[in-house]
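This structure is in C-alpha cells; I'll ask about it shortly.
Labels for the chains are A, B, C and D, by order of writing; each one numbers its residues from 1.
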Amino acid sequence: MIVVMQRGAASREVQQVEERLRELGFATHPIVGVERTVIGAIGDRRDDLLELVANLPGVERVVPVLRPYKLVAREVKEETTAIKVGKALIGGSEVVVIAGPCAVESEMQLLTTAKAVKEAGAHLLRGGAFKPRTSPYSFQGLGEEGLKLLAQAREATGLPVVTEVVDTRDVELVARYADVLQVGARNMQNFRLLQEVGQAGKPVLLKRGLAATVEEWLMAAEYIAAAGNQQIILCERGIRTYETSLRNTLDLSAVPLLKELSHLPIIVDPSHATGNQRMVLPLARASIAAGADGLMIEVHSDPARALSDGPQSLTPPQFAQLMEEVRQVALVVRKPIRAQAATSCQAR
Amino acid sequence: MIVVMQRGAASREVQQVEERLRELGFATHPIVGVERTVIGAIGDRRDDLLELVANLPGVERVVPVLRPYKLVAREVKEETTAIKVGKALIGGSEVVVIAGPCAVESEMQLLTTAKAVKEAGAHLLRGGAFKPRTSPYSFQGLGEEGLKLLAQAREATGLPVVTEVVDTRDVELVARYADVLQVGARNMQNFRLLQEVGQAGKPVLLKRGLAATVEEWLMAAEYIAAAGNQQIILCERGIRTYETSLRNTLDLSAVPLLKELSHLPIIVDPSHATGNQRMVLPLARASIAAGADGLMIEVHSDPARALSDGPQSLTPPQFAQLMEEVRQVALVVRKPIRAQAATSCQAR
Amino acid sequence: MIVVMQRGAASREVQQVEERLRELGFATHPIVGVERTVIGAIGDRRDDLLELVANLPGVERVVPVLRPYKLVAREVKEETTAIKVGKALIGGSEVVVIAGPCAVESEMQLLTTAKAVKEAGAHLLRGGAFKPRTSPYSFQGLGEEGLKLLAQAREATGLPVVTEVVDTRDVELVARYADVLQVGARNMQNFRLLQEVGQAGKPVLLKRGLAATVEEWLMAAEYIAAAGNQQIILCERGIRTYETSLRNTLDLSAVPLLKELSHLPIIVDPSHATGNQRMVLPLARASIAAGADGLMIEVHSDPARALSDGPQSLTPPQFAQLMEEVRQVALVVRKPIRAQAATSCQAR
Amino acid sequence: MIVVMQRGAASREVQQVEERLRELGFATHPIVGVERTVIGAIGDRRDDLLELVANLPGVERVVPVLRPYKLVAREVKEETTAIKVGKALIGGSEVVVIAGPCAVESEMQLLTTAKAVKEAGAHLLRGGAFKPRTSPYSFQGLGEEGLKLLAQAREATGLPVVTEVVDTRDVELVARYADVLQVGARNMQNFRLLQEVGQAGKPVLLKRGLAATVEEWLMAAEYIAAAGNQQIILCERGIRTYETSLRNTLDLSAVPLLKELSHLPIIVDPSHATGNQRMVLPLARASIAAGADGLMIEVHSDPARALSDGPQSLTPPQFAQLMEEVRQVALVVRKPIRAQAATSCQAR
C-alpha cells in the first residue's frame, strides 16, 4: 500500500507510521517530496490493515496497490473458468443462453414457456420460485411447489434449471432441485448467503448488486470462492443511476473490464436491466458483441398475464427472433451458439 | 392509477385496457386528449396490477396515484410513533443518542467505550457482534461472544443495546441479548430477514440501503410492519452517489421528507455516512437542525487500534464535545436532550 | 397533464385548481377516487404551466402526459433524419465512423493520424482545436491554428472535419473551418451556445451531458432545432455514475431508446466513455450491434506522447483492426460500412 | 505521483517509465514489491503529465499525490477568504443571507419581494434576468430589462444584487448592474465563462455543477482565481443522484469538507436543491448547523403565480420565520446573523 502523509506532517508522525507498518509486517520505503511524504509499504493486502493505518495521526489517505480479491482474479489464473451445466459449457468457446419466465406461476405457464425456449435454442431454463419483491403485497413466488415444477420442466425438456435462493435456510432445499443456484442483486452482499451457496456443491449465478461496483461484485464472488466453490457465473443486470427512462442502466463496459480482471465467466441479463421488452433484442446483440459468455432472457408464454415483470418478457416468437440475431453476432466474435436444442430433441 | 395510452393507440386497444381494468376491480374514466388518451382507474393500489396493465397492447405507461406503503404512511397515522427503549423514547419530544464502537472487539474496549458514552450522555449503546464486511478476509465480528459482552456492558451502564442481525437463523439468538435489532444497509432488501425481525418482538432499527430510494426504504419498513411490528426506527446513513471524496453522501433532505411521508421516527448516522471523524460533529449538528429524532455515533476508546471503521470513530472526549454542541442545537428545534446519564448514574 | 390532489384536499381547492387550469386554456376532467382526486387536463404541454399548477394549494404533484420535445420527436417525423456530410450519410443505411486525435497538436501529428484513419476506412476526421479541460493548467488547444490544420488535413485526405466549439463568440470562426460543429458534454446545457450553433448553417454533433437524462439531451437538441437547424447528430459518450473503474459508464440502452423516441441519428463514442483503449474495440462492436448509426473513435499516431487523453487513444493498427471487426457486426445488423476510403482514394 | 506498474511488467518497462519521468522533470523512487513495482515520482502535479505517464507500456495506473488546485486550497492560505459586498461580509464571522425570486418577472413582483426580504433581515437580493431553462419554450428571463429592475430594487432597499450571467458576451453588461456575478450549475464547466467572470472585477458566486465532484468544483473556482479573481463564493445547491423524491440531493457533507480543503466561503441554496418549499426551512437550519457561511433562499411575493420555480419559493412570512429560526442556530455555531435590515432601514 501507499501511505500519503498530510502536508506538514511531523517527521515524528512519519516515523510512527513506519513503525506501525513494520509491526504489521510490512517493509517500508519513505519518499520525501517537497509538499508531502509518502510511504511505500510492501506486504500482503488486508483491508483491515488499510483502515488501521489510515487512522494513524498525520496520515492523509492510504492507497492500496494490490487488488482485494485473490481467488477470482485473472492474475492468479489466466484461463477463463468454464462451468459445465448439463450439456452447456458456460465460459467456454460458445455463447450460452438461459431463458424462461421471471416467476414460476403454474405448470402450464412453465411447461409451455420451457418448451418454447428449448425449441428456439436456449441451453438452460430460468424461473423464480422464491421471489424477492419490493412490496410485501406482491406475489412472492410458489416456493417449494415452484421448485417441483422446475424439476418437472427439466424432465420434459432436458434443460438444466437456474433458480434463485433468498434465505440461508433454503439453500439445501433449493440445491436439491436446481442445477445452478442464483444469488439475486438484492442479496449480492448478503454475505451469509454467499457462504452457504459456496458450500452447496452447485454452480452459482451471482447477479451484480443494484449499485455494486465491479470490485464489490468480485469481492462477493470471492466470498463464494473462499467457501470452496469457484463455479461462479457473474451476471450483469444493470445498475442504478440517475437515468430513469429505463429501469436500470445496463453497464456493458463491465463485460470487457471483467474479462481483464477475473477468470470467471460473465453473462448479461438485458431483461431486468431495462424492464422493457423492446430494448431486449438490441441489447442482447450488443452484449454478445461486447464479449459476454452468455445471456439470461425473460420469456413468458403470455406476458400480458404475467404475475411479475411482464413488461420486460419476450413472447416465444420474439425470443426465437432474438436467438437468430444473436447467433449471427456470436459468429462474428467467434463464440458460436451451439444448436443444442435440435440435437437433444432428436435424442429424446 | 393513470394509464397513459400510446399516441395513436387504436380505440379497440383503449377499450381492451378498460375491460381488463374493470376485470381487475377498477372503475375506469377515459379522457380523450388531442394526442393521447389517458384512463383514470379508481381502486386499490397493487404493484402487481400496475405491471399487468403496463404490459397491455397500446399502453405507454402507468402512473400510480396512491403510495405503495400503507401501514407506515403518515397519511394513516398522524402522530409520530414513539418507541420506548429503556428510559429513552425514540420519536418523542427529545433527541436520543445511540453511541458505541462499530464492532465489539474485547471486554476492555467495549466497557471502556460504553462507560465513556454513558458519561457523556448517550442513551443507548451500539456495537456489532455480527459484521457484514465487503471482504471475506476482514474481521467478521465475535458472534455470540460479542452479544454476551454487550449484555455485560448493559449491566454495567444501564444503557440498552442496539446490535445488528445479518442472518434469518440468528434472529432469535440476537433478540435474546439485544434491546433493538439493527438491520444494516446491505440487508435492507433482505426481505426474509425483514419478516423475521418483524416477528421477534423487539424494536427494529432499519438502516437505509446503500442505494435505496426513500420509497423502497419505506417499503422495507412496510415488510416489518406487515409482519406485525410497527416499532421501527429509520436510520439515514448516507447513499451512494458519484461523489467519492467521502464514503457516502449523507442525504439530510430525507429527514424532513420522511417526517412528511411517514409516522416512523428517523435518526441519522453521520459516522458511516462520511467515514471521516472530522465530518461527524458538524453533520450531527446539522441532522438535529434538520429535525431528526436522534443520532447514531461511532465512538471507540482507541480509534487507532480499532479493528473496523477506525477512521470514522470519535474518541470519548470528541464525543463529549459533540453531545455538548448537539444539545444546544436540540434546544433551538425544541427537542431537548435529556441528561439521562447523570440521573441514572445516581440511581445505580 | 394529470394533477394529483393531496389526500384530503378540500373540494374548494379542487375547484380552484380546475378554474386555474381553464384560465390557462385546459379542458378539465376531475376523477374522484376514494383517497384522492385527480384532474385530467387536456391542452398543450408547457413546462412553465406545469410548475404554476404544481404550486396551487392542495396539489400534491403534476404528471405530464405529453413529451416536452416536439421537433426532434419520432412521433412527429417517422423516418430517421439522415445527414449528408461530404460523401457520408449519417443516419442512413450505412454505419459511419468518425476518427482522429482528441486534440490537434501539430501538423505532423494530425496529418499522420488523418491519413491513417482514412486508410483504415474512416468517413470523417475529428480533432479538437478548442479543448474544455478540467484544469486551467492543462493544454487548452491550439485555437484557430488548430482549425487551419484541420482544414489542411481535409485537403490532404478528403475527410470532412468535426471539431468542437466552446464559446458563443467562436461559432462563426469554427463554422468557417468545420463541416460539423461539435457541442461537448460540458456544454450540453449551455443554451446560448445551442442557439448559436442552431443558426450557423452546419450540422451539429451534440454530445450527451455528463449527467444528462435522455429527456434533457433531447431538450438540448430541441433548442438547436427550434433555432432552425434539424441537422443534429446525437452522440452517447458515457454518463457519470457511482462506478469508477472506468471513466464513465457507457449507456448503450440509450441507443435503442433514442431510436424509439427521436428521429435524429445516434452515434457512440466509446473512447471518452471508458478512457481506456482496451475497452474501445469490444464496446465499438457492441454499439453497432445495439443499432447505432456510427462511431466516434480516438486515434493518435503516437498515444504515448499525446497531450490529451492518450490512455484512451488507439494506434492506427488498432483502429484498422476495429474497423475490420465493426464491419462484420455492421453486416449482421444490415447497416454495412461503405469502403469509402478505398474508392475515394482511387478518385484522388 | 505514484506510478503502479502492471503485475509482471518487464524490468525494461519499469526503466522506460523511470526515464520518461526524469525527462518530464520528476525525481523517481522505484519500490519493488512481490507482485508489483511502484514508482514514486517527486515533482509538480500537472494533470497532462499524469495522462502521459498513464499511457506508457506496463503502467497499470497513476495515483496523484498532490491536489490539482493550488490558488483556492486551504493548504496555501489558512484563513478563510472574506468577501465584502455592500455591508455584508461573506465568509466572515456572521451568517449572510441572500434572498429573492428565482426570476425577475416585473417591477411589482421584484420590488415587493425585495422589500419583504429586506424587512425580514436578508443581506443581499437575488433575481435572475437571464435564465438557463431546460426547455426552449419556457420563460427565458427579461434580459437587460431585468437587470435594470434589479438596480432599481437595490436603490429602493440598499441590498446589493446577485444575478446570473450565462454567456461570455454578456459578462460586461451584467457586471455593470450586479454586485455579485452568479455562474449557475449548468455553466460550472463553461470554462470560457469562468475566465471572463474572473476578469470582470466583481465577486463571483459559483454554483456547484449538477453532477460535479467537490474536486471539479474547486477546479472551476481555480479557473476564476487563475484569471485574477479570488473573490469567489461557493454555493452548494444539490447534486444529481438516483433519488428522485426531491429535485436534487443536497450534499451538506460538502460544507465541512470544503472548509477543510479550501479557504473560500461556502453558502447553501436549499431552494434549488429540493424544489419543494416545505423542505427549505429545516435544510436552511441544517446548513448553518453544518457550518455554512450563508444561505441563498428563493422568496416570491406570490409563489402561485411565479413564472419559474414557484413550488420551491417561500412567501415573505415563511421567509421571516426561516430568518428567525436560522438566527438561533447561527448563535449556537457562533456565527450570528447581523440585524442589518433594521439598522439600515432606520438609516434610510
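FYI, contacts are C-beta pairs under 8 Å (C-beta built on N, C-alpha and C of every residue); 3 or more make two chains touch, one makes a residue touch a chain.
Here the structure is a predicted model, which means the values were calculated and not measured.
The interface holding more C-beta pairs in contact, when B-D is weighed against B-C, is B-D.
Taking the CA centroid of chain A as reference, the farthest chain centroid is that of D. The angle of the rotation superposing chain A on chain C, based on CA atoms and rounded to the nearest 5, is 180 degrees. Distance from the chain B centre to the chain D centre is 31 Å, each centre being the mean of its Cα atoms.
The mean-CA centres of chain B and chain C are about 40 angstrom from one another, to the nearest whole unit. For chain D, the set of residues touching two or more other chains reads 211, 240-242, 244. Listed in rising order, the residues of chain D touching chain C in the complex are 46-48, 51-52, 54-57, 68, 132-139, 166-169, 186-187, 189-192, 210-211, 216, 219, 222-223, 226, 240, 303-311, 313. By the touch criterion given at the top, residues 211, 213-215, 239, 241-246, 249-253, 255-257, 260, 273-274, 278-279, 282-283, 285-291, 325, 328-329, 332-333 of chain D touch chain B in their complex.
If you check the complex, the residues on chain A that touch chain D are 2, 4, 7, 29, 31-36, 38, 40, 42, 63, 65-66, 75, 211, 240-242, 244.
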